[in-house]
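Two complexes come next, and they have one chain in common, subunit A, joined by subunit B in the first and subunit C in the second.
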Partner chain A sequence: MNPRIITKDELNRLIDQLINTTKVYAPVRDKTGARWAKISSSTEVYLEEVNTRDPAKGFFFPRCELLLKFDQQGCPVEPEPPGATVVFGIRPCDARGLEFIKKFYTGQDRNDPYVRARVEQTVLIGVACSQPAPTCFCLAVGGSPHSQTGLDLLLIDLGNAYLAQPVSEKGEELSRTYPEADERSLKLASELREKVEAEIRTRIDTERLLAILKDGFNSAVWAELSKRCVNCGICTLLCPTCHCFDITDESVRGKVARYRVWDSCQFPFYSRHASGHNPRFSPSSRFRNRVMDKFYYTVEQVGEISCVGCGRCSANCPAGINICQTVQEIMETK
Partner chain B sequence: MNPDDLLRSRAKELLNSKQVRVVLGWTASPGSPVSTPLFARTEEDADRLKVDETCSLNLANYLLRFKDEERVAIVARGCESRSIVVLIQENQLRREQVYILGKGCTGVFVQGVKSPSCAQCRYPNPVIYDEMLGDPVEPAEPDPALTQADAEFDRLSQNERWEIVSADISRCIRCYACRQVCPNCYCPVCFVDASNPQLVGKTHNLSDNMLFHIIRALHMAGRCVECGACHRACPMGIDLMRFNRRVCRIVQEKFNAVSGVDLNYPPALTRFAPDDPQEFIK
Partner chain C sequence: MSNVSRQNPYKPVMMRIEQVIIENDARDLKTFDLSFVNEYERAQFKFIPGQFAFLSIAGVGEAPFGIASAPHEPLIKFTVKRVGVFTTALHELEPRAVIGMRGPWGNSYPFGLMENKDVVIVSGGFSFTTLRATICHLLHPENRSRYRRITVIYGARSPGELLYKKELQGWEKDPNLNLVICVDRLNGADWPAREGLVPNVLKEVAPDSNNAIALVCGPPIMLKYTQPVLKDLGFKPDQIFLSLENRMKCGIGKCGHCSIGPKYVCLDGPVFSYAQLLDLPPDY
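Here is the complex of A and B:
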């Protein structure tokens, strides 16, 4: 699939055309940042921030999803299918997060119909990062500001135009009418990649970390590291790969709706059993679970670490806990 | 002596003389936009202490974790001292358990921007302390922008206000950071986590989100010290202080009370006075 050149005007026209036929979501400006919203015009797109506040995982795994409805007569009503959706302006780390969610819920012998329906209906148009945030570390966890994983089309900002690299058939279809990229543009794109990658300096020896975590369950480091944690759910709920949920029924005037909502292992009652026993009640055991899950448990479950290096957990932690520093301290303690 | 050196030397003296077991303060967190709490127990720890405008959390939040310690020292700015007053008044802490290292505050800045709560601050200096680190600061002239914005909001119709607040609250992802960073939100089981019976739904629908935030705001009536920690912690940028400012204003208007400024003046909702407004009894 050949890379193409799309001028910024042409791209805006493309977005507006897509809006006419399908739901289009993009980062929009917020009081002090950017967030995901359904847009009705290409002028709403706001790409000045590296990360949106909320991760993109909601496009496959919404924070609150209606599973079914029923009334006193029974007769469950299944929700409307999600419908065709275009996600524009997603960053490569968030796209890798979605790839993880897809793998976790629909890979191998797993088949979550709700996630699958969204995966099939969604087109992901990514925009490569040109300026990483201080908390970014995608390179340390196998990603890149120009990573194509999980995307249908990757756009690289060349100034007046974008270099559009199709990654899937869907991406090829969107971009095939535009002219093929010339040598100069390709060279510029690869220079931009080198430049932005050089700005991300954090490195994590994930192999060594894995070995340490494998027999680090009873390490004293967890109690020490978790002391400052305020036990909120920011790090997990904003994580592009955290995928835990709770199921809850709401009943209004005889009609019942069943929802699947995001949940977080950082909440004390997340692990409470029906008997009342809570195996993970202590803050340090919950803190340990998050780190173990990111860098060890999911390696066992689906074969890869589940941190994409977006840095949202570090950037938003009210107690100033930085995941890269946490990992560093774990490696130094053992 | 610069403020951090003074803090470090006093912390070491307090630890060495065994007056306290631990000093609650702050230290730098490389790569993070805010400083991180540090619970110093040794001289080496004490040498890393600092307090500046990037200390965004309200440190009093951690005090109850040290309840079993004989005596703890805490670096307290105006807000922290007011939270401590509330904790003492609510019998969560005894005054003699805490040694307060007071510090005048010129506001919390997150990524260079002054926190809106700080722009309106009337109590930059600790209201109670055992010693001051450096001189008290002059309270700055409150920034009128926020008061004006509130007045404009109040002039809107009920429907318009509901629209604005709904748009904000519908974005809540229920991470409960607002509750977790609040020094005066210390219930062992929060109403929102209660499951038998379940009091608030767990969905992210507007009704459940709104119920959580309204009840939390009401629970803070006469207790909130307007430190703004919840507002700064919110990852979705929700204007949580809109509720809290309103509640504080009502408490002040109705009961002539400001929370956490006077140890001898009980919180408005825990005391009865014959001249309290009785307008709810019709």
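Here is the complex of A and C:
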């Protein structure tokens, strides 16, 4: 699929056209920086921040999903499937997060009709990062500010135009009417990639980390590392790949519905048995579970680590815990 | 389109409560016998003893329970202890009430592995449910000849806390199995015959570990003291199978709650060999 050139004006027209036919979500300006919102005009798009506050995982796995309604007899009724959605301005790390959610929920031998319906109905238009945030480390975990994984179309900002790289049929469909990119633009795009990649200096030897974690369940490092952790769970709720949920029923004035909502392994009730026994009662065992899950457990489950290097957990931790430093200390302790 | 079922695994089928039995003196254990509201769903519900299912009450919630009936029995049986919001609501229901059920989920006891071997079943308290399903399945005339001697050691705190009392009294006379029932305290009752803790009774009964498989289910304290006894009797870690009961929400390896390291109790279990558990972190 050939890369195209789309001027910024043309892109705005394309976004406005899409708004006429489908729901379009994009980062918009907000007092905390940027957040995801349904937009009604291309002028609302705000790409000055690298990361939106929330990850993009909600487009496949919403914070709250209606699973079933129940009629008067208590019979379950499935909700209407979601409509077509375009997500514009998603960053490559968030797109890799969505790719993980997709694999975890709908990969081989895995069936989740709710995530599947959203995956099928969603078009992801990514924008490559030109300036990483101080907490960014996508390169250390197999990504790149120009990564195409999980996207339908990747846009690279060349100044007054975008280089548009189609990644899927959906992306090809969106971009094929624009002129093909010339040599100069392609060269500029690859120079930009080199430049932005050079600015991300964090490196993690994930293979060695995996070997250490496999042997490290009883390591003394967990008690030490988790001393500052207050188990607030923000690292899991803002993580693009964290995928745990609770199922809860709501009954209001005779209307009965069952929802699934995000849950976190950092909360003490998460693992409590009906008998009262709790295998992860201690805060340090919950802290350990999160790190183990990111860099070891999901490797066994779906073949890859579940950290995309967005840095949200580090940037938003009220106790100042930084995942890269945590990993560094685990590697040094062993 | 993949081969994965397009059915919605979160959507329960409707079940009618046919019978409710109060099982114990404390009146916090009830057995519910359920029939399918839609008969065609009965044929689709194929399970093996050891598997579990979620019971659902609209507006209250869901919870997972081991299936206590054997596949050949017409009704689906669950024995439920009243401990929280859902089980309290369930205990309030009477025959003819309609609830939801989804499943079956999880693996099962290793029936293939048990063929042509002695089967030793060790159970304490109300964890006996899926083992009741197992015993009924093993004793079925079509199945019995595939297994050698069957020994069952089942204990409870007091005589009134034993589940399925009528059935137990029938099995005590059945030459097809050796049933040993024990209670911590007899409190003057004349049945069962033995007073003693399950691990001690297991030591006295001393089943042969040669060419045998042990199925163990009980509270953590019983598991802890049963393990060394089985070891002394010569059972290797890959001859011992345990059923775990972690917290879970989905039953299909998604919600994360029942994880033990990279494994999920709902998908990779609930039945694990002791050898498997030795390889996993002790997160259960």
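Everything that follows uses one rule, which is that the second predicted complex is superposed on the first by the 332 of 334 C-alpha atoms of A that agree within 3 Å, B and C clash if a C-alpha of one lies under 4 Å from a C-alpha of the other, contacts with A are read in each partner's own complex, and residues count from 1 in each chain.
Please note the rule applied: a residue touches a chain if its C-beta (ideal position, glycine included) is under 8 Å from a C-beta of that chain, and two chains touch if they have at least 3 such contacts.
Since the model is a prediction, treat every value here as computed from it, not as a measurement.
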### Task
Could you tell me if A:T177 is touching subunit B, subunit C, both of them or neither one (first, second, both, neither)?
neither
### Query
Is A:S190 contacted by the first partner subunit B, the second partner subunit C, both or neither?
neither
### Message
On the A-aligned overlay, A:S41 touches which partner chain: subunit B = first, subunit C = second, or both, or neither?
### Response
neither
### Message
I'd like to know which partner A:L67 touches here: subunit B for first, subunit C for second, both or neither.
### Response
second
### Query
Just subunit B (first), just subunit C (second), both, or neither: which does A:Q17 touch?
neither
### Task
Based on the superposed arrangement, let me know which partner A:P76 touches: subunit B (first), subunit C (second), both, or neither?
second
### Query
With the two structures laid over each other on chain A, which partner does A:G320 touch: subunit B (first), subunit C (second), both, or neither?
first
### Task
Once the structures are superposed on A, label A:D246 by its partner contacts, choosing first (subunit B), second (subunit C), both or neither.
both
### Query
Across the two complexes, what residues of subunit A are contacted by subunit B and by subunit C?
246, 248, 250
### Summary
Within the complex, subunit A is touched by subunit B residues 29-39, 56-57, 61, 113, 171, 173-177, 179-181, 193, 195, 201-205, 229, 232-233, 235-237
### Query
For the complex, which residues does subunit A have touching subunit C?
67-68, 70, 73-76, 78, 104-105, 108-114, 217, 243-251, 256, 258, 260, 263, 265, 270-275, 277, 279-280, 285, 289, 292-293, 296-301
#### Entry: Touch list for subunit A against partner subunit B, complex
30-33, 35, 53-54, 63-64, 134-135, 202, 227-228, 230-234, 237-238, 246, 248, 250, 259, 261-262, 264, 267-269, 312, 314-322, 324-325
### Summary
Per the touch rule above, subunit C residues touching subunit A in the complex are 2, 4-12, 14, 57-63, 81, 83-84, 87, 98-100, 219-220, 245-247, 249-250, 252-257, 259-262, 281-284
